[in-house]
């Protein structure tokens, strides 16, 4: 059972509400003797942090992470590593006016129906602020994977579709991803995306996005054939991120349009090494990694909190209207990049450890 | 941990290989005192069973299910319900010729890399024959849900895309789904699909498909907000089915193309009841069911076993070619309909029971 | 998997080291809408707190608990409840002298062998200080059980054996338990126990204890027949407490000495109610609660940190001697009473919720 | 969640009722490439099998185990290994007369209260016949441990207390254990035990027993410090066996009577090897194996089914009397020896694999 816990052996539990005193992440099952510092984690925290550009929420959070346990003299000890991030810029008054109304596209309605009570301040637990905890866990997972597998292991995510605008995915320029505000791998697309997103923001609207994640250097044999498939666990991990509505592995939803000879990746032996002639499988066959690059993409719906007036009901079931002010990202998909990377890192480390358990 | 087990409270474990003596499913956590007979299960088994039409594998299996435990005097007792299905038409000789070669698109290579051993007869454990066990578990889940929620609860799946050919999804005719060989909801599409698939089969090729599942009558409040989200568990469940490469909830991957006001479903109170003006969310908000119809779709890749000659390597790492004879479905997506329904039923029952646990 | 997590539906995770900044407990799966305040938890924290009498460690910790999430406007929300307890009186210098030696009876040696690293300050994670987190979780469980079952539900623990000295268990005086420093149910034993324990402390030695827990008002039907038996889960819960070496249910280890007609509890119907003529079963039959009082006892070994000089080895494998100064309880078994109660509360609530899941 | 499943990575699920067609065990998470045959399992099955001597139930069951999956060409494949044992000598008529009465000491009453239905034939699922499945799982665990650790690994169990009669535990003669009908390690006790048990059987009564298990060759470092402690998991495993009422690790319940210097095992370095001067800890410190022999004992209550007339109630709540005829062991503790060994083997393998996961 795991309402707020993710993972099998490398497991993390998160807690905290958007406008509570802090959010936190506790990682259990981390291998011992791995060098780890707050700095290692902060790097990724900063990549997700709001308030950095015109295209993200203006909430000012330093998202400074503090390690409270599990690290001794600079190394992991095998005991739980807890990380706390104090909330700083929680303006609960922004939410007072809407505490009795259900924001369309948000979980306000379903939380109240399920629990009979909800912390409405900033969305409480349902807020995407929870994802900061995931990034902290992911940073540890990445650090461990780099130590165990070596530097050849790498996960890079990028936005490949911003609302109606795509980009040339064949130009997967990782340096470019680090440079622009969109984590976009195609330099040529960036200018147009800027204009597009500014227009959307100005209109008080929002747009969706597709994020692609690529993991290279992943050993062959991670995963399990039936219900702990690597792809099944990745789907679960990514679909658990706020606002995600679709997950594709390799050719993904488009696999439906291919025929057998287009889809199945032929295998060659080149210089004694196994090579695949294509990668529609996204690096996973029968739920187990094939040694190819693992490629996953996921779709993020447009931010539901928009300035435009929308129809809804209030707690008493009366029809009313709503316009959500607050401070919101015009496209939450952008900040989903480090979150997706984090979840993927956790899944891969989990299966790496599981494989050690089962196959020695 | 759950390599071969699915679920949290309503849990099922499957075992057995394609060409072993039998495949089996053990359901644990089924509520007691639910009327259940082999007949209830057989109905769904027959919907998945091969050898029924020109468009499915010609392997002849009666897929007759026997209950060996957990049911007493026609009712469930709360103890594990085991169901065994003996394999009848396992022609292992079909596989002798290819036991040393890796079939592209199959898990032959990854199994051997992971385990250092594989049962190559009919794909062993990696065979889609395992899905019969899932259908058996799903049939129990459906029976229980119908008992607990009442007859208003219903899950219906259909093929909405067959390779390159779509259909009119707005015509969701459930009677039609039951009639045609494709589980297609749009009568007009059927004829064309027949011609198309026959041509593909004749060419020794295969095609992919998209399946849509709709569950109505699902109570509000099922799911959990963070890592046991209803959508996250559905994604995991469907992605664990052989050959599935993508999962979409509601608008799914297409949510990326919408803007905020198109996407978020406005809420109305009509006659004292909560109604949504659209259903891009697919009936799930923040991981919790909203009371709307739950709509999920998933993409199945084209059958990897095709007559066309493909490049591959053998166990010794030598380059070679392969053409898979055996008896295969030209589109495995078709038989994925009852399997998808089964997995969805299990996830919904699991969350129904979980909700009873947490919210009384 | 659950290295630092306990429970199935009502689950808690603990983290923190004895001499780190804080210890913490996160409770997941708590039902919503239960009134809960820090005060409810502090009461039990104070019962376990060190530094209160001559018979417990002189470490001064206020053990003040702060709730950081999961409670809104005085009620649980169904989201994780985190509780933090800052460490105040951690004198790490006490441990500097022994950081390279393995204390006999402690986990110093096994931690280092397993992890290759250990936080030696105050025993790090292996310290009994971790049990404060359990008491916090248990206080929530008790609060929830009192709300769900009603005030008739009650758990009371007492020390029934202090080293070589027993007491008259037939005199189970709960008022007396609250009064004396030993949680002893038999007033007559207290004086002698005081003298005995003072002598042991003076001698720089320590002694063991047996604690008995009694839960009344527990509904019939909690538990599960095979591997989540109520007694099996209680045994696991109590054996996980530091220094516990034995667990008995009802007649317990002594059941071996009885014959069939002495042991099995006869059943009577009195005034329409089911009554048992004895309670050797300890209120559990086939892993399921029978409605009788649930009676469990567990043995705590004598404190391993004693002033007497003991033989041991150092990190380099050299023979050496050790005498542990620090501040230690002469009998850790005394403070194990509220810890045992806490663990039992958590197990009972867990099974209460599980039963709701499975049997409605 | 695991009503009928035991273990974390090496997991087994059992199903089947005493008088149903079969009982079964499915092992998941078994490492691949381990030589395994039905013969390896049958050896242990025969040790538990009823009908072998005057001191066990006269039910005639060959308990012949068949492997139905997970083994290919004589080796495990990493997929689930299922083992089926058909029931042969189920005389359900023996139970017809008592189907409406609750047998004191049995779970008849609690099953019916919990589930509202029970399979009364032979006790249905609550029957100790389920333990045959555990022995099958344990035989696999032992085989795997012998392969992974080597032949120095060994688990031996023996009865050290038969009702009121003890034996000299210092004479732990393993050859003797294999010879006599009681698994008694002390040859001198056997004769007396025979007379004693025959007298008990003649009187239509029964007696309890204490079983001790010793595992040698267990590597240092198995276990986990807080809630997956090796001792905690052993306690849970043994307490889940039918009729077990107490579990002791090392000095166990008697640890309460020791003082600090008697109890804590001093450590010496002898010839470069770590040696302990005593073993009150039972080979486990802080939940982690120390490399010493692991010593666990557990108490089994006397058989509840006895010929002597007992008071009870019937399903309608009316007072009545009962005398259980059927075929029962006068001391179920004897056959508990191979069952205890099996459970201990499973726990040790589970932690061996877990340790590989976490510490590489």
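Letters A, B, C and D mark the chains as written, and numbering starts fresh at 1 in each.
Convention: contacts are C-beta pairs under 8 Å (C-beta built on N, C-alpha and C of every residue); 3 or more make two chains touch, one makes a residue touch a chain.
Since the model is a prediction, treat every value here as computed from it, not as a measurement.
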Co-neighbours of chain D and chain A - touch as defined: B, C
Chain located farthest away, centre of chain A as origin (C-alpha): D
B-D compared against A-B, more contacting pairs: A-B
Chain centre separation (chain B, chain C; CA means) in Å: 46
Approximate Å spacing (C-alpha centroids) for the pair chain A, chain B: 26
Centre-of-Cα separation between chain D and chain B, whole angstrom: 39
Residue list for chain C, restricted to those that touch at least two other chains: 1, 3-5, 8-9, 14, 29, 32, 78-79, 114-116, 125, 225, 354, 359
Residue numbers on chain C that touch chain B, as the complex places them: 1, 9, 29, 31-32, 78-79, 148, 225, 353-354, 356-360
Chain A contact footprint on chain C (complex, rising order): 1, 3-5, 8-9, 11, 13-17, 20-24, 26, 28-29, 32-33, 68-70, 72-73, 75-82, 114-119, 124-125
Touch list for chain A against partner chain B, complex: 1-6, 8-9, 14, 102, 104-107, 109-111, 113-116, 125-126, 130, 161, 163-164, 200, 205-210, 220-221, 223-229, 231-240, 242, 245-269, 272, 274, 277, 280-282, 284-291, 299-304, 306, 308, 310-313, 317-319, 333, 354-355, 359
